[in-house]
Structures are given as structure tokens and as C-alpha cells.
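First chain written, first letter: the chains are A, B, C and D, and each begins at residue 1.
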Amino acid sequence: MSRDPALMRTFRVAKVTTHAPGLVSLYVEQTYPITPGQFVNLWIPGVDERPFSVSDVKDGLVEISVKALGPFSRRLVEVRRHDWLGVRGPFGTGFTAAEHGLLVGGGIGVAPLRFLDRVLAAQGLSRRLLFGVKSAAELIFPAAYAGTAELWSDDGSLGERGLVTQGLERALAAAAPRVIYAAGPEPMLLAVLRLARAHQIPAQLSFERAMKCGFGICGQCCMDGAGLRVCVEGPVLTDLQLHQVTDLGLPRRGPSGRRLGA
Amino acid sequence: MPHPTLVTDLCGVRLENPLVLASGILGVTASSLLRVANSGAGAVTTKSFSVDERPGHKGPTILSFGAGLINAVGLSNPGVDAAVAEIRAYKAISRTPIVASIFGRTVDEFGAVAERAAAAHPDLIEVNVSCPNVAAELGTPFEADPATLAAVTRKVKAAARSVPVSVKLSTNFGFLARAAQAAADAGADLLTAINTVGPGIVIDTNVRRPVLANVTGGVSGRAILPIAVRAVFEISRAVRIPIIGTGGVASAEDALQMLMAGATAVGIGSAVYDHGVEVFAAVGRGLTAYLEREGLDRLDSIRGAAHVA
Amino acid sequence: MPHPTLVTDLCGVRLENPLVLASGILGVTASSLLRVANSGAGAVTTKSFSVDERPGHKGPTILSFGAGLINAVGLSNPGVDAAVAEIRAYKAISRTPIVASIFGRTVDEFGAVAERAAAAHPDLIEVNVSCPNVAAELGTPFEADPATLAAVTRKVKAAARSVPVSVKLSTNFGFLARAAQAAADAGADLLTAINTVGPGIVIDTNVRRPVLANVTGGVSGRAILPIAVRAVFEISRAVRIPIIGTGGVASAEDALQMLMAGATAVGIGSAVYDHGVEVFAAVGRGLTAYLEREGLDRLDSIRGAAHVA
Amino acid sequence: MSRDPALMRTFRVAKVTTHAPGLVSLYVEQTYPITPGQFVNLWIPGVDERPFSVSDVKDGLVEISVKALGPFSRRLVEVRRHDWLGVRGPFGTGFTAAEHGLLVGGGIGVAPLRFLDRVLAAQGLSRRLLFGVKSAAELIFPAAYAGTAELWSDDGSLGERGLVTQGLERALAAAAPRVIYAAGPEPMLLAVLRLARAHQIPAQLSFERAMKCGFGICGQCCMDGAGLRVCVEGPVLTDLQLHQVTDLGLPRRGPSGRRLGA
């Protein structure tokens, strides 16, 4: 990471933590300030490059939490301590810290919210955490959240059975937060956005789109509507910005730019 | 003095200002092109598209090297049908002129994609015969041989019907004036110069391998401004058709160099990395300020002005 | 582990380190070459010289453009006799190898100057067939045509007798591998790549004219590093002779890119503007530090390392 | 002038003062700090470019004093207010300010010493001025030095008749300065250097050599011996540095690099 974030720089992986099979955290040296919600591009030399949110910054190390999903992420979770990894960034616009936030995370979306949680805590800002996963093994840093987060799982193996958005509905009925922060799969984000609008609570949502550059020039990550770039104006977009977006929930665009299944 | 105008006539197409979004930058979707148009571009260019869909190269595809960018995106594009749909969608919501950038693997493919592109009525068609990033697959760029260049130009001209055609050149094969002449003689209405330079390679010395997945990539941005200005200067002496001067422009000062070298319009691409999409409005304001300071009312007064005896 | 060494064998010439002062930089006099040798260069190259004395172009001859330099000095030189006297004077006071850079207006002139240069026993002769800054006067550089390039190479080889001959190429005419092949087949012992890129033009928008008195000039420095690295990479696949990789090198990191691309030695020129003559010692220290960090004892271990499958 | 001094920038000449026929001062906007002894490259668009010392910096303007000698300087003294002039720099190493200096100037060499004089004055440093010219008309800023400088002229039309180095000999015999500053024709500088060495007074002398770049890369201005660059290590060189120089007083090198008359 540098002041010319599009430069490639390689770092030796300083540490690897395995949370569960196919779910790891990688740590690399920090060389630039990072705001929760921002992301980095990770290059496995000779393989490919993908964007990943930062899940924490501590003791001079940047933590990135990866879930094995496809060919690239399956290689990434196999990276070992001392391996070289290309790291570019940080890119994008992160979350804006505020009092009385409600952090709603789904699956690997818990990653950027965890960083946000720590930054809010450091500033003494009150907040409430709602995390949902498919099943218990999928929660990163379970220990860190025992007692502090309200947990939901599809199969009931952790916390309450059901979707985290059910938790959100319940929370909103009880007390209005000042802001909703959310990260997770797009259908979840849409449900959160709908609830936030219904309750007139400002929301900051972290989105994912296929990316080529990560720094605003290739056009690969642009959302339909006003052409917001997920890599520059996002990945965190507010409920207001999202009024300008017309392709939420549509099949994503593949690497050619064509909308898949369209 | 009346307020100076930046309005530019490009082969009969009226641009509010001479600044054209270069191909491959924010050019994938209608929305993204609209965004740039609304940010102050005088015209926008699509990412180059071909008959068939192409995913492009694996990552990394675009890097900074400290003095500019280097890229090998690999001409990823959704294929002509999807691209044409984006052009139509764009035209439904924007009045800023749009340039359809096309390429093919054969002379005939250039014709085929031009014909289908023309059906969407873009304001211009730009023929990318100079991309250095697909050599492994498509071989030496078509521009390297004047006869092939002429054949592609004729084919596209015939297919484009009334849509003016620009041929996009690079400086990577020398003899630029000859290539420009070949394209002009074959009927090109205008030229775009230049495509990326090189190509180049960036090696990561820790992992001891080229960083771009494609190994080589084209150099753009600040590094190439003088080369692009020279190309425009040289071409404008060789042929009489308009030029979209592209390469390294990031400020009004840079754009003025292009215009004074003989460009009619000015392409901007990589500067979006350093300066954001706001670069179009900023450069436009700078051009107006220059005209005001010099007491001029239009850019015609300075076009080609650097060709002193 | 023994202390790593940077000693480099270049066609039988022993360099304390692989860093070579590029031609045209501080290369006019024996004293100035000595200064650079004493600053840590592994070898030094004279400014290119010809049979007859040349004053060069009027000023400005060298500019920064913000991302590198652009120059059109116009091959000013004191003529072969005075140049040879400087080489002799240099050799009397320095043991650092010296490369005599030569050029001519005709194939025969290349031979004539090579013969007289060889008499001063430089360690190498470098043939400048690629200077872009005298086109108006000398026409298209000799490298543009493989047959001419081969003829120049053969002529110089014959005249140079036992002095190894390097042919200096640019990337300005494409088909670099073909040029390298032609030079190697004609007997070149090594190649230097690259000369300046472009050419380019810088226009001053206040006075609306090109700044360089020669109008065009060659681009060097940071802007061209990836292009030079690619050139070395490409040439080292095409031919088996050593390469002095030159262009944009300013740090150990940059020099390592050159070596990993396949260079045997590394030229440094424009970086003297940004970093002073101290750049040679600094880059040398950086190379040693790299070898130490990686537990290597010589640069051979990394040469060409970026040519992964 | 800018932080990348090799960039060309053009300025409108803000003011022109004519001291005598063929002897003028040009003023351009100051955009960068300058030390006395440093020089700038002046480009007459379409003509040529040459190095010139700065003769003063005041009120945001850089003053350059030019004497018409050859084709270029004859054009330069004809430049008018509002004309464009390319200005690059500042280049080189200037004088180091010290107490009790003796400033010895010859001809147009008075220019950099005048700037030095003003800077020393502003710092309250005592100093003594000895200026020599061919004849009265050649002194730039005569009014400024009436009374403060000891003047010499070849023809006796101003101050004492004789060479300024005679004045220096006399001054050294009377009282030892802490440092001798000198600028002027090379034969004069050599005489000054000899006297300074004889009296063991440190000297800072400003030299001229033909230049192409002005910023240390072309090699045109290098002195024989250790290869000192007049444009980088100079133009002001100390008596100690000059021990490494072997071509003082030799015929100068022309634009090809060949020593004229050699």
C-alpha cells in the first residue's frame, strides 16, 4: 500500500489464521492509513487479483479475511506465512463513524464490519452488532463476538435460527439507531435498505461488484443509473446515493462486462 | 468581448467542448459513459468491442508504474450485441456525442462489427487497429502494415455508411505519417492518436516475474504526453483530416499542447486515475480561462499554432 | 555466507558492478567520465562521436517534462580525433572500463570512426544507430531497416578488430526482435537497449511553439522504464548475446527489473538529473543489499529470472 | 522557476532597465527561492538559451543583468517589457554568506556580487566592495555603489585607473578579510585566486563555462581535473575545490566540446 495506490507492491504474508476450513485471515504489513470499509487488491503472483475488504488494522498489520468460494479465493486461503502477496490500495470510500450505529453483517460481510466495530469502540461510540451466517463454522472471530453480538444462523447452529434481517426488523421495532451499517450478500443488503428506508434510518451499505482496476478507470464495477463506481464512490454507499442506482439485485456482470444470464 | 466558446465541430458532430473520453476508460456501460458525459466531457468513447464476447486477461490488468499507467486488459468486452444495447441505452438518456470503438480479428470482422455498431447510430466509429495488448492472440496490430490498415479502413468505411470513421493509431511502429496517410487515403474521416505506447513490462523483483498477467501492457498517462503531442504534430502535417489528440492529457496546459500541435479534439483517459472524473470539467474550465486571458473567442484561433516555420 | 559480489563480465570485460553510464550523459571529457567512474559506475560511455566535429542544436536541448526528460542535443561532439584524445586521457587515469559510442552519416563513416576509435583501445565500442534527434539532417535512423543495420554492424565489427561491439537499439520502429537478430547475425557481440523513446514534442503554450530548438526530442528517464524493461525482455528471448539494459533506471529496484528481464549490465543516464552522480553508488549499494537479503552471492542467480514459463 | 528546475516555463518580462547601451537588467516573476551566485537559463523563444546569474531578488521579481557580447546576448538586451522569456532554474551552488567579506567584481561579474551584497547587508554582515570595469558606462547600478564601492576602470573614467586586482592587492596588504568573493572574467579570477592563496584567505569564485543543460547531465560545463560541473558544483567554487581543476585559464570549450584553438 502506498500513496500511488495503483502501484503493485508485494509483501510477505506475516501471519495466517484459519477460522474454519476455507475461512482464513491473512495479515500483511500496513504502510498506509486505512478506513473501515476500504478494500485492497490482492495479487497471487502468476494467478490473478481480486478485491478484499480489510477486516482489521492492528499492531502495524492489515488483516484480510477470506472465504473460499471460487478458483481464486480457494488459492488464497492456501497462502502460507512468508509467501509473497501483491497488495494494492487502500481503495474506495469507507464507512463514516457515528454514534448509535447498528452493524448488520452477513457471511464474509462480517469482515469490514469487524474493523468498523473496533474503530467505533476506540472512539467510544456506542453500537449494536447483528451478524448472520449460514452455520456456526462460518463466523469469523466467533470468540470476539461471544456476548457482544447478536448472532443468527440459517441452520440454528449459532445464535437464533433465521436471517439476520429478521434480527434487524426486531431491533428497529425496539429502538431506532442513528445509522445502519451493513455488509453481506446483495439480497441481504437490499432487505436492509428496504427496512432502513421504511424506518427512515440513514444506511451505509458495502457492495461488491466484479472489478478489474479497483481505482476508477476501467468501468467494470460501475452501477447502472448514475454510473457510481463501486471501487471509488463505493464500496460503501449510502441510502441516498443508492437512489441513483438501478441495477440492485440484478444478475451481476461478468468479466466481459455482460450481465450474466441477461 | 463575448464569452469564449469551446464548441468543437468534429466531422460535422457538434461537441460542447473538445474533450473526449478515451476508449477503455469507464466505457463499459451506458451508465458509466453517462456519468462521464455529465462530468463535463464533450464526447465519450466506448471500450473497444468485437463480434464475440471476450473476458479479457486475468489480473492484474492495470498498474501504475510511478510515471503513468500500464495496462493489458485484453480487450475484454461483452460482444457487439450487448455493446450496441449499451450504446442505444446511452443515447436514450444523453445528448453528448458517443464514439463506438471497435476491433476485429480479421478485416472482415472489422466490417461486421462496424455494420452492427453503425445500426445503433453512434456519432462516430473509432477503429482500434493499434492495441498492443493482444499480440499473443491476435498477432501484430493491423496498423503495422499500411496495406492492411487501408483494407480495414475501407471495410469499416463501407459498413459504417454515414457514420464518420476515425482510425486510431499508435507510435509503436514508426512511420506514423505513412500510416496516417494510408488511413486517410482509404477514406478515414478523422484519426485518433495515440493508443498506448510500448508495450512495456513491469517486473516485481520480490517474486521475480512480470506483474501484468499478460506480461506486457501498453503505457499511458503522463509518461506519454510528449510522444502523443509529437504524433499529432507529425500527423497534422501529413494529412488534412481532423485528429483526436490523445495521450497523457491531464490539464488545460496539456490539452492546449495537443490543440496547438494540430488536434481538433483531445482525448483523456488515464488522467481519471490521478484527477478523477472531475478532470473533464477542470480542463474545460482551464481552456475557457486561457481563451479569456488571451482575448480569443474560440479554439480555432490556436489550433495548429505550434507549427511555426 | 561470503559477501556478495556485483562483478560482471561483459564480453570478457570485467566490470566491478553492472552499472554503466549511458552515452550522452557527462560523457564529453575524460575528467567528467572519470568523475562518474569515481562515483561508482562499473563502466562509462562517451557521448557519441562522429568523424567530423558537430556543434549540435541550439538551445534548449534538454528539458524535463514532469515524468522524465526529453532531449535533442543533436549529437554534438568534438569529432573523432578530439574524442579519441579524451579516451586516451581517461584511460591514463582510470581503470574503470570505457565504452566508445560512435555514429556516422553513412555506413562507411561508421567504419571510419570505429577504426579510429578502436586505435584508442576502448573496452567496448557502442554503435549508435538509433538516435531520433537528427532525423532532419541524417534521415531515418539506420536501425529502421534490418539490412542497413546489418551492414553498419559488419562494417564496425571489421574496423573494431578485437574490441567487442555493441549495437544500440531503440523501440521506435517496432519489430525489435528482428533488429536484434539482424545485429547479432551481423556479428554484434552485445546489444544496448534502449535509446530514447518517441521522439516527443513539448510545446510552450504561452509562446505557442515547440520548446526544443530541434522541435522533436527523445524521451528518457522514469517515463520509459517499462518500455526499456520490455525491450530487454524481448531481445533476450530473441538472441543469446549480452544486453546493456538502459532506460529509466534510477534505483536498485529498477536495475533489478532490468537484470531479471535478462540484461547483463544496466545503463543509467537521466537519473543523474534527479539523483545526482551519487545514483551509481546508491544503486550499487541497493543491489548488494538485495543479494544479501536473498542470500545470493552474485547477480547471475537472478539474471533473466522474470522469464517464467 | 519551479521545483523541477529543468521544466521550461515562460514568463512575461515584468520590467526592463537600460544601464547603458548593450547593458540592461531584465525582471521576471520569482517563483522559487534563489541564493546569490545561482543562475537561471534564459530562453528567447525560437532563438537559443543561455545561462545568466541572478543580480537581485526583490519585491517578488528576479533581476538578471545582461551585457551584449555575441549573437544571443545582443538579442536578449533587445527584449521588451511584456515579451515572453523562458526561465529555468535556479541552478548551481551559490555563495556562502560570511562576515568580513571582500567582494571583487569585474565587468558583468558585478551582477551576482550585487545580489550577494544585498543579502549580506540584510544579515548585517560587514563587507567591502571592489568593482572594476573597462570604462564608466559599463558599471551596472552605478548609483547604488556611489560611495560604498571602491571602483576601478581600465581607462580611468570611473574611480581609479587600473585593474580591480590592483585594488585587491592593496586591500589585502591593509587588512585581511575573512573571505574573498569574486566574479568576472577568468583571467581576473585567476589573479584573485593567486592573491587569495598567497594571503591564505578562503575564496569563493564564480566561473563561467559553455553549457547545454545547466542541471548536470550533458557534461558540457565540466572542468578538467576531477570533472567538477560548473552548473552543479559551481558556478561558485572555493579555492579548495579549485585544487582539483586543471584547465583554469585555458581556451574554453566550444559547443562541440572541443577546446577552441586546441
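Everything below uses one rule, namely that contacts are C-beta pairs under 8 Å (C-beta built on N, C-alpha and C of every residue); 3 or more make two chains touch, one makes a residue touch a chain.
All values reported here derive from a predicted model rather than from experimental measurement.
Note: centroid distance chain B to chain D, computed from Cα atoms, is 50 Å. Distance between chain centres (mean CA atoms), chain C to chain D: 35 Å. Chain A and chain D have Cα centroids separated by 64 Å.
Looking at chain C, one finds that residues 65-66, 202, 209, 308 touch two or more other chains.
Counting only residues that touch two or more partner chains, chain D has 46.
If you sketch which chains touch which, the chains link end to end in a single open path, with no loop closing it. Listed by label, the pairs of touching chains are A-B, B-C, C-D.
For chain A in complex with chain B, the touching residues are 4-8, 10, 41, 43, 45-50, 84, 86, 88, 212-213, 215-220, 222-229, 232, 246, 253-259, 262.
Those residues of chain C lying in contact with chain D across their complex are 24-36, 38, 47, 53-56, 58-66, 69, 73, 76-79, 82, 202, 204, 206-207, 209, 211, 213, 269-270, 272-273, 276-277. The touching residues of chain B, counted against chain C in their complex, run 65-68, 70, 140, 144, 171-175, 197-203, 205, 208-210, 215-217, 219, 221-227, 229-230, 233, 253, 256-257, 260-261, 290, 302, 305-306, 308.
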